[in-house]
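By letter and in written order, the chains are A, B, C and D; residue numbering begins at 1 in each of them.
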């Protein structure tokens, strides 16, 4: 575990997941509603956790969780029903009490960049108090980030 | 508490709640997505619980909850962004282990009927087993249904 | 096209699609919110359309669409975050102006039945008037239903 | 219309709207899912438009719309089912082609600050091209911001 920021901002360490836009995610403008992308990012983190084997369930069983403390999304181009999307997720920064993920959402067929984003998460204990990320887990996040380099 | 069905299907005993359609609830057809109405019905039940004083929190504190076991919706006319909706909710039937709510969703301005629906709920204990609705609560549901007649 | 109901209620003709439960689809009871399944059914119809080649886009380009007129869901068992679900979709009935789809949603790993459902759709023209399903499309729905028998 | 930024970041010019958390907006952590707040912000903008009389429908009828180009949310405290929320919305900046809204979401009863946010919107024409905000509308946004000072 570290108390100084470590830059892990390397897209080579990213994890990808792809899925089609659901009709329910579109809005009366005919395109994907901007709030749907926030859920897509969460899908990106879920896939990151699955592929990198970060024992998130284990963390939770130990009484810790990662609460979303900040989200930032930039919308570059719209998407439509049935379009195949790819979410690329990587760890941008691990601090003693927080982790920042970065994302790109692209059209799976053309590679067109649709959204870029970051989300910041803080570690909280069962009482809801901000706390240090358990050492084993902080290490996992950092190592996972480099495991395919 | 009763083990035989009691017909409480009387619209006079209904509770009303009104709100505007959110933009995020529309879809690419330009109208409210059909899944959004399922959430509107839940808003109807929430308001029923608030107005009729049925001690639902108390029920839950006692280790019981009402799980949704069935929903049936008929869509008669579409709605659009910013339209004011009114949900009318009433108890249709109370059985020993289940309660059925009935609903009408109308345009608040014109009274046009948009959706009719019923939802059925079964009482489950902490272990997730179907059980009798606690007597005090079953009585509350029945009495509440008649309290404004 | 037919004006008398044709029973196509044969699960052998069903189409399957699988995906994981998203965290955003859970609720404070810890399980998948019941409204999320309505979106899962729509995913089932989307996959049906993709696999069976029913030219739905073509139908829409001709000025017709299928509006949801009724949904009925029975909830048999709850599901949780990250669980892999399979939606099975088939045509239950084709009438001159309406089509009914039937569904089963099961746990992909165990086959446990979670939800059964039907949805009814009516054909509407650009003016929003109920109309006959174009002959070519009604035939497609019927033939598709038997294409794997 | 202006091509240089005008600071309108004055909370006194804000518009408020209040509503209760819906059960469907909670997640398996027992609190409001972070994506739900993005929809709450949109509700804030809708109310801003209603109260300030900004003729948004008129803008759209002229062939223009405001597309969301960026969202930034900071989550300070969680909220729960049935909690009454207040969204405060104001114009932070108007540029020639873009407008930025700022927000606070607070607990309506205690005033506790739950979320702070900004959203940026760009003006696009029917062809989806970025364009100048029509003079009449840009002026409206600026004037509206000062109309209650």
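FYI, a contact is a pair of C-beta atoms (placed from the backbone, for glycine too) under 8 Å apart; a residue touches a chain by one contact, two chains touch by 3 or more.
Note that the structure is a prediction, hence the values are computed from the model and not measured.
K.L.:
Of all the other chains, whose mean CA position lies farthest from chain A?
P.N.:
For chain A, the chain whose C-alpha mean is farthest off is B.
K.L.:
Please tell me whether A-D or C-D has the greater number of C-beta pairs in contact.
P.N.:
Spelling it out, more C-beta pairs touch across A-D than across the other pair.
K.L.:
Please compute the C-alpha centroid of chain C, do the same for chain D, then give the distance between them in whole Å.
P.N.:
Measuring from centre to centre gives 36 Å for this pair.
K.L.:
Can you work out the whole-Å distance between the CA centroids of chain A and chain C?
P.N.:
Chain centroid spacing, chain A to chain C, equals 31 Å.
K.L.:
So how far apart, in whole Å, are chain A and chain D when each is placed at the average of its C-alpha atoms?
P.N.:
25
K.L.:
Could you list the positions in chain C whose residues touch two or more of the other chains?
P.N.:
Correct list: 23-24, 35, 39, 42.
K.L.:
In the complex of these two chains, what residues of chain A are touching chain B?
P.N.:
Touching chain B from chain A are residues 23-24, 26-28, 30-31, 33, 35, 80-81.
K.L.:
Touching residues of chain A toward chain D in the complex: what are they?
P.N.:
It comes out as residues 29, 34-35, 38-39, 42, 65, 67-75, 78, 128.
K.L.:
Where on chain B is chain D touching in the complex?
P.N.:
Per the stated touch rule, the residues are 19-20, 22-24, 39, 42-43, 46, 82.
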